[in-house]
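Presented sequentially are two complexes of chain A, the first with chain B as partner and the second with chain C.
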Partner chain A sequence: MTEHLPALVFLVPLATAICMPVAGHGRKSICKPLALLAVAAMTVLSVASLWAIVSHGEVRYSFSGWEPPIGIEWLADPLAAIMLVGVSALGVLCLLYGAAIDDRTHDKHPIPYYTIVLLLIAGLTGAVYAGDLFNIFVFLEVVSLSAYALVAVPGGRALVSAFRYLLMGTLGTAFYLLGVGYFYAATGALNIADLAQQVPALLGSKAVMGGLIFMFIGLAIKMALMPLHGWLPDAYSDGPAAAVPLLAGLVTKVALLLWVRILFWVIGAGEAQQASGIFTLVSSLGILASVGAACIALRQQDLKRMFAYGGISHVGLVLIGLGQANQTGLTGAVYYLLNDAVMQCALFMLAGFIAQRYGVRSLDDAGRASIRNPLVIGTFVVVALGMVGLPPTGGFFGKLRILLGTIEAGNYLAAGAVVVTTLVTLGYFAQVLERLVRREGDAVPEPDSGHTPWALHASMVALAAAMLGLGIWNDPIVKALIDATGGLAI
Partner chain B sequence: MIGAPLDSLIVRRTGSLLVPLVQIFALYVLFFGQYGPGGGFVAGVMISASLILGLLVFGGNGLSAKRAKSLLLGDGVGLLLFVAVGGLCLIGGGQFLNYSEAPIPGLQDASRRYAGILLTQIGVALDVAVAAVSIVFSLSRSTEGGTSDA
Partner chain C sequence: MPEFLDAALSRPNLVAFVVLLLWGLYITITHHNLVKKLIGLYLVQTSVIFFLVTTGAKEGATVPVILDGMGPVTADAYVNPLPQVLTLTAIVVQIATLGVSLGLVSRIYRKFGSLDEDQILAKLE
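Entry: the complex of A and B
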């Protein structure tokens, strides 16, 4: 039975999304619990799947019983399984948060809203599991289309941001598909395992290098790599408070994971691959993105935009780790990616909550308002520690491994960039913290009288606990990641 | 776009002739799809074309319009059929959509595949038809908000 788990993990949110219009037709109130139940079931299944994969080895699942070159294959290795536990658990927390936050925009039309959210989660699952480049494209499209629709939910300004996101995102998927076409023309294969045998010998070919660059540009738009990040800050600051944590935590991170998949599982990281310059390119763009976006974040007044630029700068950090083409950098990058998904999720939950409850949208608002909610402040402190990269949060251990990877590769420029990014990140989080904690004048602030639903507190505390937990148990997680990447020629 | 019925006798007569004809041909394409060109997608497009033709000719209150709206209630039923067949194969012990493992009693291997493919194709046809008709409805929402939530 365990060999069917990867298919079930994907099918549960998909089937629920399909059932939603029929089930919610009579009683609209059923949508919320149904979606939550589906993602919770998916979490259980993905944990079971992770356990099965770690104890019995990776699963290659052929749909319809057709073997890979003809059929569709799920590549359920430890990397995918670990990522999916993250995706589904964050999905549950985001749905809990989204259901509890007082955001009227999606309450009017629960059927399409929850259908789209579940499709987004199903698409993310498919993109992580997909064993060939074309299906990655298909699921990337499912994810993107759902994400455009979710950003547009509040209407007004969000429509413009969503349209911009749509234009950029469509360009991104088009570039990616073009790259896949080049690969197919050069090798006649789309399956990752097939390509991994053929592509390394063909690195001198212009078609393969061109295809690789096209795929990188496409995914770079999706992951909001620094020069191509234009859509992200607007989309995340105008999008609905209930859905933005989900988008911020998962959509860009899965695009990043797909790039890890292509770079290390298809191209590989041997001598010839490093001589081709692709890793230098990735590392250089990572340096540019991490330092550049952190500096832009320092100048932001709007909290959501600041956090969005923080996320963009962390994409750069992950790319620095990947670009070193060694085991330490790679595992550090993937581990940091997991942490970053949790941190981004938590940051946008906090930003959404304080904007809605206290009307705090910018730094100045934060200075004026008096937020006397220990759980919110506590979560914020934990996230800030993680974003800056201080122990005992997971952010520290990820950043440390990335730094060790750069030193191992002798790339001191990249090492410097990691340190500078850390300092600048400390700069903008110190600004926010100082304003949240400082009391203006002698006025004693009124106690927080409003009622906060338990689900809001629960989701935020769970995320803070996850950040600490990832840090405290970083050793087994990193070991699992080392095992996951052990078969690669690095 | 979907307004009152058209006045022209020729258009209405031709429409009433064409709509059932197209639907029968759509069914033929659906069942023939396993042996030759055709299949669920084409059949779905044809069914939706016949319904849209009916909508244009007989207006938003004709019999066709009612049928099209009742079709919209089944939004997602087609995909559900697809997933149900796939899930049946899972229960039978095969991979998702591995028709030969579907636990349908009294059928040979080949007949199981036949039944499985036919059912999924019906699902595809339904879904394509629903999608096309719902596009027409949402384009003409100014006349009537038929599909506010689907």
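Entry: the complex of A and C
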């Protein structure tokens, strides 16, 4: 039974998504609990799968018994298992939040809305598990198509943002597929394990290097790496409040995880690989993105756009960690990626909640409103600590390892970029926090619009608790990541 | 330079791929009509699919269907079937993308009454 867990984790949301139109026909109220139930069941299964993988080692799952290289293989290693616990748990919290928030655009058509959300989660699961480059392409496209549709849900401005996202994203997947084609032409293999044996010897080949660059461009668009981030701020600030936490927390982070897979599981980080310059490229682009996006975030008036740029700058930080090509940097980057998923999710939940309840959308609004809700302020303080990277949140330990990795590699420019990004991040969060808590003479009294649904508070507090938990129990998670990456050539 | 030209002319299929890809990108970037942008995007995707098919092609080879199934199979007589299988999946993905994008464009048209990027942006202000 346990050997089929990876397939079950994927099939639960997919099967529910397919059954949703039939189950919801005529009784639309069933859609919401059904979706929540499916993702909750998926969370239980993914925790069980993580348990099985930690105790029995990684699973290579071959569909219908066809062994690779003929069959399709899924790679269920500790990295994928940890990421999936994050994906499914965040999925549950985002669905709870989305069901409770007063942004009712999706309530008129719950069947397509929840079908798309479940397809998104199933696609993310497939992308994390996929053991060959072409399957990664297919699942990436499933995720992207669902994301375009979700961004467009509110109509109006969001339609144009979604169209822009679609143009950029489709070019991204086309470039990624082109890179896969180059790899196939050069090696005749698509499976990650097969490629890992052939590619390191072929790094001098223009086809392999070109393919790698094309895949990087494609994934860079998906992860919103700084010069290619144009779609993200619009899509996330115009998208529906109910679904944006899910998109912000998971879609870009899974694209980053796929790049980690290709960079370390296919290419490897030995001497020859470092000489090829790909790690220098990743590290330099990371420096540019982290400092550049943090500075743009400092200048934003709109809260959602500020948080979106904060997320873009954190993508740069993760790439800095990866680009050092040592284990400290890699584990720090992956750990930070997990934390960043939680933080982005929490930030967009808070932004959506205060926009809907208090009408706070920009910095000026934040100065005028008086928010006395201790849970909201408390969650915001914890998330801000995490984004800046202060203990005891998980953000601190991830950033610390990234910084140690840069020093280990002797790359002091990158170390400086991490420090500068931290200071600028502190700058824009201090700005928001100061305006949120400052009591002004002409403060508008807190609107008394009934009680807040418990699910809203529960989902935000759970994320704040998760960030503290990731910080307090960082030791076992980082150790598991070190074990997971121990077999790599670093 | 002649060396480069020789290399290009000996592989006309790859030249066709590059021309299609750049043409598609050019249309996507320069045209202001949303549907024309989609046509450019479709051209980019098609060029990538064309590239995949062309990696499996061989001179003098035939479709990869083994008819008698008896004698030994000579790999040189058949084109590589795997890129063609990948292509099928990629075409399905392309059609799905096209469906979603046309759906979006039709909603944009109903909302803003125009397909021109400049007019839509002017209405957004």
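Heads up, the rule we're going with is that the second predicted complex is superposed on the first by the 481 of 490 C-alpha atoms of A that agree within 3 Å, B and C clash if a C-alpha of one lies under 4 Å from a C-alpha of the other, contacts with A are read in each partner's own complex, and residues count from 1 in each chain.
The rule we apply is simple: a contact is a pair of C-beta atoms (placed from the backbone, for glycine too) under 8 Å apart; a residue touches a chain by one contact, two chains touch by 3 or more.
Note that this is a predicted model, so its numbers are computed, not measured.
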item	value
First, second, both or neither for A:112, with chain B first and chain C second	first
Which of chain B and chain C A:157 touches, first, second, both or neither	second
Which of chain B and chain C A:145 touches, first, second, both or neither	second
A:65 touches, of chain B and chain C: first, second, both or neither?	first
Partner chain in contact with A:288 - chain B first, chain C second, else both or neither	neither
Touched partner set for A:298, first chain B, second chain C, both or neither	neither
Touching partner for A:21 - first (chain B), second (chain C), both, neither	first
Common ground on chain A, meaning residues reached by chain C in one complex and by chain B in the other	none
Interface residues, chain B side, partner chain A - complex	73-77, 79-80, 83, 86-87, 90, 94-101, 149-150
Touching residues (chain side chain C, partner chain A) in the complex	25, 28, 34, 37, 41, 44-45, 48, 51-52, 55, 82-83, 86, 89-90, 93, 96-97, 100-101, 104-105, 107-108, 111, 120-121, 124
Complex contacts: residues of chain A adjacent to chain B	4, 7-8, 11, 14-15, 18-22, 25, 28, 61-65, 109, 111-112
Chain A residues touching chain C - in the complex, by the definition given at the top	134, 137-138, 141, 145, 148-149, 152, 155-157, 159-160, 162-163, 166-167, 170-171, 173-174, 177-178, 181, 184-185
